[in-house]
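Following are the structures in question.
Presented sequentially are two complexes of chain A, the first with chain B as partner and the second with chain C.
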Partner chain A sequence: MPDRLVRAPYPMTKVFYRPALAQVLRVDQLTQSENLLALRMGTGEPLNHEPGQFVQVSLFGYGEAPISICSSPKGKEGFEICVREVGTVSGAIHDLEPGDWIGIRGPYGRGFPVVELEGKDVLIVAGGIGMAPLRSLVGHIRDNRRRYGRIIVVYGAKNPAAILFKNDLKVWFEDEGIELYVTVDSPDESWTGRSGVVTSIIRDLDLGSSASMNAVVVGPPVMYRFVAMELFRHGLTEDRIIFSLERRFKCGIGKCGHCQVNDLYVCRDGPVFRYSELLGRSEAVEVWAPEEQ
Partner chain B sequence: MEQPIFRAVELLDMAVEIELRGLEFYEACLARAEHPQVKQALQFMAKEEARHGEIFTRMKEGQVLYELPESYPGEMRAYLAGFVSDKVFPSAEDHPKAMSLDDTDRVIETAIEFEKRSILFYSAMKQVIRPSEGKIVEQVITEEHSHIRRLLALRKDLEGSGSTADEGRG
Partner chain C sequence: MAPLKQVVSSEGLFDMLREAMKELPVIAPAERKDQPGFHHFARLQQAEDFVPDYVTTTLPPKKAFFQPSETLFTFTTDQPPALELVSDTEHFVLAGVHPCDLAGLDALDLAYSQPPAEVRWPADRGLATVVGIDCMPDDYCFCSSVGTCLTRQGCDLFLTKVDRGYLAEVYTPAGDTMLAKVRTWEPTEADIRDAEQWRERKVERMTAHLEADPAEIADLLEAGGLAHLWKETAERCYSCGSCNTTCPACFCFDMHDEFDLSLKTGIRRRTWDSCQLLEFALVAGRHNFRQEREQRVRHRWHRKFLYLYRRLGRAYCTGCGRCSRACTADINLVDVTNALIAHARKAADHA
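Let's look at the complex of A and B:
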């Protein structure tokens, strides 16, 4: 039987479905298809998010899209989102400029268990744009470094041009409190770092005693099971492997069912789950292969 | 950890990938080999890898395809290849030290050792394949057993044919 879930409290927003205005403070191009937007709520109040949560971003005339918050909760100025241009809404958000206004609902969902992870070693595995929510977690850990044990970050990108948050990676690389490994699946002539998928790095890691190690994994759907297999080899159990699932969130508050995985609403009960919570749920297709029920 | 994590069709993809690595390995050995009998054995092994790759590819026919969305073309193959990379055959950089090419007997012994490793791998994988698809894993293991039998037969044939590699070079 799957583990029981500890459900996230409902968001603080009183009227769930009405967006609040937020202003674009800054736009940084990270790659050819990803921009980093710094935003501030129109009220001037902080978003009060947890690492791993998301917001529903709306643009009048275009629609609404769920986007992970990628900044540490400590940021007083506002918060940041990383947007990949893949469709109409994300394309329009991608084209925003400083001073523009957008709609924000949230923050929504259950984030990473940052309190439970205190005092523990944490292996953070990011694939592609999965680094966006994990940047928020790394930022939170760096802001509260003494509360956590050994921190290892493994990040894999498709190729050198697709590496996100290069400025942050430089800072993390210099940070003695973080062991950072970056790899690309397809290196080009300019690349002198590691190549291969993230599992090739995890396989070679010396995790020491894995008793206090927890892994937090966010990446493309095909990545999860292979990462899990390597983590099992290191002695991690399903309750110490944490995934964040991606689904088509529409309402963001567990009403519409677009993101349903068996009895779970990923937008409300997740998107962060322990692996043990997903076992037994046949629709969590990216993390295991149960018989159809 | 005994949950069904993979589907049989994915195991067959892994099997095809392993056979491809085997083919590359034996062809690399062949390029370095000097003695005719060692070359003959390596040619046989390379052919066997190719033949088995075809068998496993055929076994995929009729299986329910299972394709998660890729974030770029070839992503699944990259993870799959990474997963099996150290399971049976050595990586390309370890090719030269993985097999001594001086003695036909030792070449065949090493090849048998690789087949045994593959059987161990597939047996372990059976624990994480859907129970209803366990028969397919058994078929893959049976194929690998037949591969060992063919290698043993090859050794017998070559013994019967006379000279060993060491004798030939002397």
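Let's look at the complex of A and C:
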């Protein structure tokens, strides 16, 4: 019998599927394939999101795609999304320029449990573009640093050129409140940092005997199992491991069925789940991946 | 409270539709011109086209509220773009809905109203006056197995064949208004008895049965150990999605944009979708969470009889039999489910 989920406290919002308009304020190229877009709602209202939530981004004529919000809820004008050029829709959104208008629905979904994590130590593990939603969490923690215990960030990228948010990483590196580890799978000659997969970093971490350590993990599907194994070795239990899953949401509100993982709607019940909520749900992270061409 | 009951003659039923058609479009089962002997819910051109004793329709009446393909809004490529919602505003009558299909509409009412609720479905539902009618089963019907035989939810008026016409149960003022346009009689004991006998005969004539109730089916799916049966079924399945597109309780969809030829305006369209299609669970990086056909077959049964049963308290199967009639590989939902039940019981006996 699956345990009942604690659902996000949804207000009785009524969804028409017609997005609100938003304007692109700034575009920063992060890597060859990823851009950071700063957006402002056409109404001038804040988005009022929680770290870990996503928006459905529309580029009219191309379609709509779910993209996680990568800025902290507090502070700056508007909000930011990190867009990787992969499909028709994301490719077109990636190529937007300042002043362009797009559509936004949301924020949707259950974000990271930032309130439950207060007073606790948090190990943040990011793989690839998983850093995007986690940047909103790191930002939130830095905005409220005294509410959290020890903060460790482990970030793995494919190679030095694929590292996202280099400016943020510099700031975090200087921040005494954050223990930051960045590693790349394939270093080049210029790279002087660590190399290897994130699990090798996690293995060597000294987490002490912290019973309050929680891990928040976002990355490609294949990463979750291996990271979980390392976390178990450190004595973490499934209820203290938090994942965020990625699916191709069409509606974003638990109706269209595309994101269903067994009985869960990733868009509505997640995208953030505790590992304990996913146990027994075979479609969560066990993924068939096509063989490399 | 028991509904008000009146008797209307067989000719009176057609008169009632004729009267309604003077004011509103009436959508009701009619014979398909392209496929004689088959029926579909269509806008009646004349009341005589209504077939009160039809067995089933190819597509369920949900299409009156959510068309297989519909426009959500229009957009322009101006900066900023102008968006305009496209929604139906015309009231209509949906007549000749069988109890299983009333259950289908009720299931979708429940699903679409879960927070965050969508607006389109309930708004369109609010435009319709629904007239239900009782039926006799064919070899595919199994409504008595899923408790939808007597569904009256969501109907304004419900008709049951009796010797001297139809016994009409009035559920709402809208149903009363429709019925008030034609001559009716107080029902006699014979009329009430006729209607009861109709319902009894309907159950007696049902040849297809699930060998367990929905609660037991949910439990046995949850218990698992049925992999070889999913595999066997998947070996026959073509993944065509006919089961989903004919299902009154399926509600998945896709959305995409279409440009007008001018490239200055366009529409966002939403279309029915099917979890049996290969691309349904595709995500970024070409990962597919239900790449294997047996995973998709399993998902269909689990969603209908386990996931939504646990989440919303009802099986998302109405016993209408459309999926089995439509299956291009002749996979019968009742046969497969009974095989699952038999296997689970056998496994339990050995345990």
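We take it that the second predicted complex is superposed on the first by the 274 of 293 C-alpha atoms of A that agree within 3 Å, B and C clash if a C-alpha of one lies under 4 Å from a C-alpha of the other, contacts with A are read in each partner's own complex, and residues count from 1 in each chain.
Everything that follows uses one rule, which is that contacts are C-beta pairs under 8 Å (C-beta built on N, C-alpha and C of every residue); 3 or more make two chains touch, one makes a residue touch a chain.
Bear in mind the structure is a predicted one, so any value in this text is a computation, not a measurement.
Chemist: Kindly classify A:87 by the partners it touches after superposition: chain B alone (first), chain C alone (second), both, or neither?
Modeler: A:87: touches chain C, not chain B.
Chemist: After lining up the shared chain so the two structures overlap, which partner does A:238 touch, if you call chain B first and chain C second: first, second, both or neither?
Modeler: In the superposed model, A:238 contacts chain B only, not chain C.
Chemist: Give one of first, second, both or neither to describe whether A:158 is in contact with chain B, with chain C, with both, or with none.
Modeler: Once the two structures are laid over each other on A, A:158 reaches chain B alone.
Chemist: Counting only touches as set out at the top, which of chain B and chain C does A:199 meet: first, second, both, neither?
Modeler: After superposing on A, A:199 lies in contact with chain B but is clear of chain C.
Chemist: In this superposition, which partner touches a larger number of chain A residues, chain B or chain C?
Modeler: Looking at chain B versus chain C, the one contacting more residues of chain A is C.
Chemist: If we overlay the two complexes on their shared chain A, which of chain B and chain C does A:173 touch? Say first, second, both or neither.
Modeler: neither
Chemist: Using the superposition on chain A described above, determine whether A:221 touches chain B (first), chain C (second), both, or neither.
Modeler: Both: A:221 reaches chain B and chain C.
Chemist: Can A:60 be said to touch chain B (first), chain C (second), both, or neither?
Modeler: After superposing on A, A:60 lies in contact with chain C but is clear of chain B.
Chemist: Once the complexes are superposed, what residues of chain A are shared between the chain B interface and the chain C interface?
Modeler: Residues 220-221, 287-290, which sit in both footprints.
Chemist: Which stretch or stretches of chain A touch chain C in the complex?
Modeler: Residues in contact with chain C: 1-2, 10-19, 21, 23, 42, 58, 60-64, 86-87, 99-101, 103, 108, 220-221, 246-248, 250-251, 253-258, 260-263, 268, 283, 287-290.
Chemist: Would you mind writing out the residues of chain A in touch with chain B in their complex?
Modeler: 127-129, 158, 185, 196-197, 199-200, 203, 220-223, 225-226, 228-229, 232, 237-238, 279, 285-291
Chemist: Across the complex, what residues on chain B touch chain A?
Modeler: 1, 3-7, 10, 66, 68-72, 75-76, 78-80, 82-83, 85-86, 128-132
Chemist: State the interface residues of chain C toward chain A in the complex, per the touch definition above.
Modeler: 72-73, 75-77, 79-81, 83, 85, 111-112, 114-120, 222, 251-257, 259, 263, 266, 268, 270, 273, 275, 280-292, 295, 299, 302-303, 306-307, 310-311
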